[in-house]
Amino acid sequence: MNKTARRIYETIRHDPIVSPHGHCEPSWFADDAAFPDPTTLILTPDHYLFRMLLSQGVSLADIGIGTPPDQRDNRAIWNLFAAHWDRFLGTPSHSWLTYMFRETFGCDLAFGPDTADEIYDHIDAALKTPGFRPRALFRSFNIETLATTDAATDPLVHHQTIRDSGWEGRVIPTFRPDALFDPADARFAPAMAELEKMHDIEGFPGFLDALRQRRAHFKALGATATDHAQEVLRTAWIPERMGDLYAKARKGTCTAEEAADFNAHMLVESARMSCDDGLVMQIHAGSRRNTNAALLRKYGRDMGADIPVATDWVRGLGPLLDQVGHVEGFNMILFTLDESTYSRELAPMAGHWPCLRIGPPWWFHDSARGIARYFDRVVETAGYHNLAGFNDDTRAFCSIPARHDVWRQGVATHLGKQVKRGLFGIDDATRIAGLLSTGLARSAYRLEI
Amino acid sequence: MNKTARRIYETIRHDPIVSPHGHCEPSWFADDAAFPDPTTLILTPDHYLFRMLLSQGVSLADIGIGTPPDQRDNRAIWNLFAAHWDRFLGTPSHSWLTYMFRETFGCDLAFGPDTADEIYDHIDAALKTPGFRPRALFRSFNIETLATTDAATDPLVHHQTIRDSGWEGRVIPTFRPDALFDPADARFAPAMAELEKMHDIEGFPGFLDALRQRRAHFKALGATATDHAQEVLRTAWIPERMGDLYAKARKGTCTAEEAADFNAHMLVESARMSCDDGLVMQIHAGSRRNTNAALLRKYGRDMGADIPVATDWVRGLGPLLDQVGHVEGFNMILFTLDESTYSRELAPMAGHWPCLRIGPPWWFHDSARGIARYFDRVVETAGYHNLAGFNDDTRAFCSIPARHDVWRQGVATHLGKQVKRGLFGIDDATRIAGLLSTGLARSAYRLEI
Amino acid sequence: MNKTARRIYETIRHDPIVSPHGHCEPSWFADDAAFPDPTTLILTPDHYLFRMLLSQGVSLADIGIGTPPDQRDNRAIWNLFAAHWDRFLGTPSHSWLTYMFRETFGCDLAFGPDTADEIYDHIDAALKTPGFRPRALFRSFNIETLATTDAATDPLVHHQTIRDSGWEGRVIPTFRPDALFDPADARFAPAMAELEKMHDIEGFPGFLDALRQRRAHFKALGATATDHAQEVLRTAWIPERMGDLYAKARKGTCTAEEAADFNAHMLVESARMSCDDGLVMQIHAGSRRNTNAALLRKYGRDMGADIPVATDWVRGLGPLLDQVGHVEGFNMILFTLDESTYSRELAPMAGHWPCLRIGPPWWFHDSARGIARYFDRVVETAGYHNLAGFNDDTRAFCSIPARHDVWRQGVATHLGKQVKRGLFGIDDATRIAGLLSTGLARSAYRLEI
C-alpha cells in the first residue's frame, strides 16, 4: 500500500459492515446461544479450510465431518489443522484467520502447532463470555445489515423470532428458489412437496402464484433480494411450453433438455417477479457443484468440491435481458468465477444495461490479488457506479470483519494507484472508497437506511 | 511512469499520428465545414459516452438520439452529460476528454456540472474559428495518414472530392464488405442490390469479379486495407458449394448454417484477393452486435450494445491459413475482444505465421490498463515486430490525439519497466518506442511514405 | 527485484537442478560425444527460435531444416539468426541465450550481427574441449536429475547404456504412450506394430498387459512418471466398449468419435496403472499440434506450429477423477496453455483433490511475466504445496541453467512482493523458495534422493 492508499484506507477502515449476501445461520441471532467451541465455530463450517486440508491428504473424517458434533474431538481437530497451517501460506484463509485471532479474539500469538493449544484455550474462554455471543459479536463487528440465504420454502422461523424479539440487529433473509427451478436436481421433488404443503397449487400458474406469495413472505421479513446459483447460465422465454414442462417436472419425467428449459424459463419468470416486487436479482453462475462423486455419496453436498467452469454471460443472459432489461427499477447483480469474463463480458454489459451491476470477486477470487485483478479489469469499462460494492458470502461468521478488511485494503491499494497514475485526486478517491466500502452495497441491494 | 519511461515518452510524444483504422467521416475533410457545436462533435458520435450514461439511467432519448439534429437542445444534453461526469472516473473516456479539453481546446477548467456551460461556450467559440475546421485540426493534430472505414458499395464520393481538391492531407478509405458476405444480415439484400447497380453480375464468379473491381476502386483512392467484423470467427474453403450457396443467398433462402458457410468461404476469397492486390486484411472478431433488441428496434444499429464473446482464433482461422498462410506479401492483422486469447492464441500464432500481426488492444481494452495487459501477455511470445502498432478506431475525431497519447504513455510505461527489469537498454527501448508509436503501423498497413 | 527478493534469490540461485520433464536426447549422455557446432547445439533444436524467425520471414529452409546436417552451412545460419536477433527483444529466448553465452560459455560480448562470428568461434572452440562434453556439462550445470521423454515403445537402449556405463549422472526416461492411445493419429499403427514386436498381444487385455510391461521396463531404468499430450482433454470409463473399439482401432476402422472414446478411456487406464505402479501421471493439455498443413507436409511434425486452444479441465478430467481421484499414492500433474484456467479451474481443483498438483507455466508461458501471472493466479487458492515446482521442458540442453534461473528469479520476485505485502516473513519466504526451486519437483515426481 502506498502512502495515499494508507490515507484512503483510514477513511473506510472503521465503516459499518454491510453484508448483503452470505450464509450465516439466522438461528444464531434468534437464539443468541454461546458458540460451542473454536473448532465448531471457525473450522467446521469453512470449506476454504477443509478443502485445502483435503488436498494435502487430511481426510474429511479426520476433521470430524460425518461424525456427530458431540462425538468429535474438537481439540484434536484443531491441532491437526494447526499442524497443516503452513499449507495456507499465501491464501486468504491465512490472512483472515490471522486477522480474526488478533482483532476479534485479541490474541497476538502466531498460530501454528506450538501455539495451537494456547490459542484454542484463549478463544474457548472468550466464547463462554457474553461479549462473544452472536448478537454481541454482531454489534462489536459493527454490522449494519446481514443477509442470510434461505431456501424458497424455508418458513423463516428464526427470522421471525429475531423480528419478534425486538432486537435492533438487522438480519434479513434472501430468497433462493434453486431447488424449485431445476427438475434435474435431486432436491426438486422434496422442495415442491414442501411448497405444496404451504400453498394450494393448480398447474403452472398456481406454481407462479405460490412463488409470488413466498417472495412476499420473505419481503415482509426484510428480504431485498433473491439469489440464483447456475452451473451453466441459460435463460429462455417459452411461456407456451411451460404448462407441459411443469406437468412433466411434477411427474419427474423431464428429459435433461426439458429440465434445462424449465430452469432457463424460470429465471426469466423470477426476473419478471423482481420487476413487480422490487427484489434485487442475484445470479451466481459457473460453479459446477459437487464434482467429487465419492465425497458426495459419503458426506453429501457442499464439501468443497464445487469447481468453476467457463461461463457465457452474453448469450446466457440474452433472453432475460430482452424481456426485462429496460424495466425501470429492475436490478440485477452478476457474480462470476470465470475471471476472463470480467473484461470480456461483465464490464461491457454492466457499462450498457441500466439494470446490471457487477458483484464483487467471488469465492476463490475474494482475495487480495483477486481483488486487484477485478479492479484492473472492470473499472475502465464499467466505472465504479456499476459495481455492487462488497459482500463476504461466508458461513464463517467470525471471518466477516477480516474479509471486509481485506476488501477495504484492496480498495485503498487500487485507489492509491489510480491517484498515483493521475486519474483523479485524493478527494475523488476517498469518495469512491466510501462507495466501494458501503455505499454501493447499500444502493445495489436497496439497503439504504 | 518511472524516470526511464518518462524519458522514452518524450521521444515519441510528438510523433506524427498514423491512424490506419477508424471511423471518421470522409465528408468532414471533403467539405471542410465547421463542426456545428460541442455536443454534436464530441458527445453524440461517441458510443463510449452514451453507453455509460445509459447504464446509469440516462435514456438515449435524453441525449438526443432519435431526435433530428436541428431539434436537439445541445446545451441541455451537454449539461446532462456533465451532471454524470463522475460516473466516468477511472475510464479512458475520462482521460480522453480531459486531454481534449486541455490540449486541443486549451481549456484548463476541470469539467463538471459547475463548469459545463463555460466549457461549452469555450469550445463552441473555438469551433467557429478557422483553426478548428476539420482540415486545420487534421494539420494541428499532426496526422500523417487517416483511414476511414467504408462499405464495399460506397461510391467514395467524399474521398474522390478530397483527392480532387488538391489538399495535401492523406485520408484514405478502407474496404469493408461485411454486408455482402453475410446472407443472414438484414443489410445483405440492399448491399447486393447496390453492387448490382454498379456492376453487371453473372453468378458467383461475377460476384467475385465485382468485388475485385470494388477493391481496385478503393485502392485507386489510396486504400491499403480491408476490414472484416465477425461475431463468431469461422473460415472455410468450399468453392464447390459456392455456386449453389450464392444462388440461395440471392433468393434469400439460405438456412442459418448455409449463410454461415457462405460467410466463412468469403473470408478466404477475400484473403486470396489480398494475395493478388496487396490489400492488408484486418479481422475484428468476437463482438456480438446489437445485443439489446429493444434499442435496436427503436434506434437502429451501433447503439453501444455490442458485447464481446469468447473467440477461437486457432480453429476459426485454420482453413484460411491453410490456403494463404504462406503466400509471400499476404498481411493480416487480428483484433480480439477476448483478452484470454492474447497469450493463448494470438501471440503464439503471430509468433509463427509470417502473414500475421496482432492489432492493438481494441475497443473496451484501448485503455491504460488494457494496454498494460496487452504488452504483458503478447510480447514474450510474439516479440515487438509481430505487432501492428496502434490505431484509434474512433468516430470521435477530436479524441484522436488523446487516444494516441494514452497509447504512447502505455508504450513508455511498459518499456520503462522492461529496462528496469534488465531486458534491454534505453537505446533499444527508444527504438522500439518509435516502432510502436508509428513504425509498425506504417509497415503493417503499408503506409510508408 | 526488490531487496528482499534479491536476498531470497541468493538462497536458491545455486541449488542443484531438478529437471523432471524435458526432451533432451539420452544418446548425448550415453555416447558423451562432443556437440558438433554452435548452430546444431543451440539453434536447430530450439523451436522457440525458428518459429520467431519464420514469423519474421525467414524460411525453415534458410536455417537448414530439411537439409541433411552435414550439408548445412552452420556459420551462415548462425549469422542469419544474429541478423534477426533484435526480433527477440522482450522474449525469454533473448534472456536464455544471453545467460547461456555469458554464464555457460563465459562470453561477455553482446550477441548481434557484429559479434556473431566471434561468438560462434568462441563457442565452437569450447565445444571441442572436454569440459563441454554432455556429461561434463551435466556436472557443471549441477543437474541432480534429468528426465527425458520417450515413446512407450522405445527400447531405451541409450538409457540402458548410461546405466551400464556406471556414470553417476541421473538420467531417467519418462513413459509417453500418446501414439498408442489415439487411433486417429498417423503414428498409431506403426506404434502398435512396434509394440507387437516386443510383446505377444491377445485382444484388449493383452494390450493392457503389454503397456504394463513397458511401464515396468521404464521403471526399471529409473522412470518415475508418464506423460500424456492431449489437444482436447477428455476422459471416459467405458470398459464394456473397449474390446470392440480395440479391434476396430487395430483394423484402422475407428470413426473420429470412436478414436476419441478409445483415447479418453486409455487415459483412465493409464491412471489406474499409475495407482498400481506409482508412476506419476503428467497431462499436457490444450496444444493443437501441427496447425500449419504446408509445413507439416514439407518438414514433418514439431516445426513450431503447435498452438494452444481453450481447455476444459473440470469436465475433461471428471471421469478420471471419479475413478482414481481418491486412491492414496496416485499423483497427477497438470500443465495448461490456457492461462484463464489457472484461477478458474486448476487452482480450485488442486486445492481440493489430494492427487493433483499444478505444473509450472508451460511453453509460451515459461517466461518472466508468465511466471508472475502464474503465481498471481494460483497461489491464493492452491497455496504452494499443491504446485509441482519447475521443469524446463526443453530439448535445448544448454538452456537448462538459464531456464531454471529465470524461474528462480521469478520465484524470488514473487516472494519478495509477498513479504512486502505482509503475508509472511523472510523465513517462510526462504523456505518456500527452496520448495519451489527443488523440493516440490522432487516430491511431486518422487525423485527424492
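First chain written, first letter: the chains are A, B and C, and each begins at residue 1.
As a working rule, a residue touches a chain if its C-beta (ideal position, glycine included) is under 8 Å from a C-beta of that chain, and two chains touch if they have at least 3 such contacts.
Keep in mind it's a predicted model, so treat the numbers as computed, not measured.
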State the superposition rotation angle between the two copies chain A and chain B, fitting on C-alpha atoms only and giving a multiple of 5 degrees from 0 to 180.
120
Comparing which residue numbers chain A and chain C contribute to their contact, where sharing over half means same and under half means different, the two sides are different
Starting from the mean Cα coordinates of chain A and chain C, work out the distance between those two points in Å.
40
Among the residues of chain B, which are close enough to touch at least two other chains?
310, 340
In the complex, chain C residues that touch chain A
310, 312, 314-315, 318, 321-322, 325-326, 340, 343-345, 347-354, 356, 376-377, 379-386, 418, 421, 423-424, 428, 432
Applying the document's contact rule, which stretches of chain C touch chain B when the two form their complex?
51-52, 54-57, 86-92, 94-95, 288, 291-294, 304-305, 307-310, 337-340, 364-365, 367-370, 373
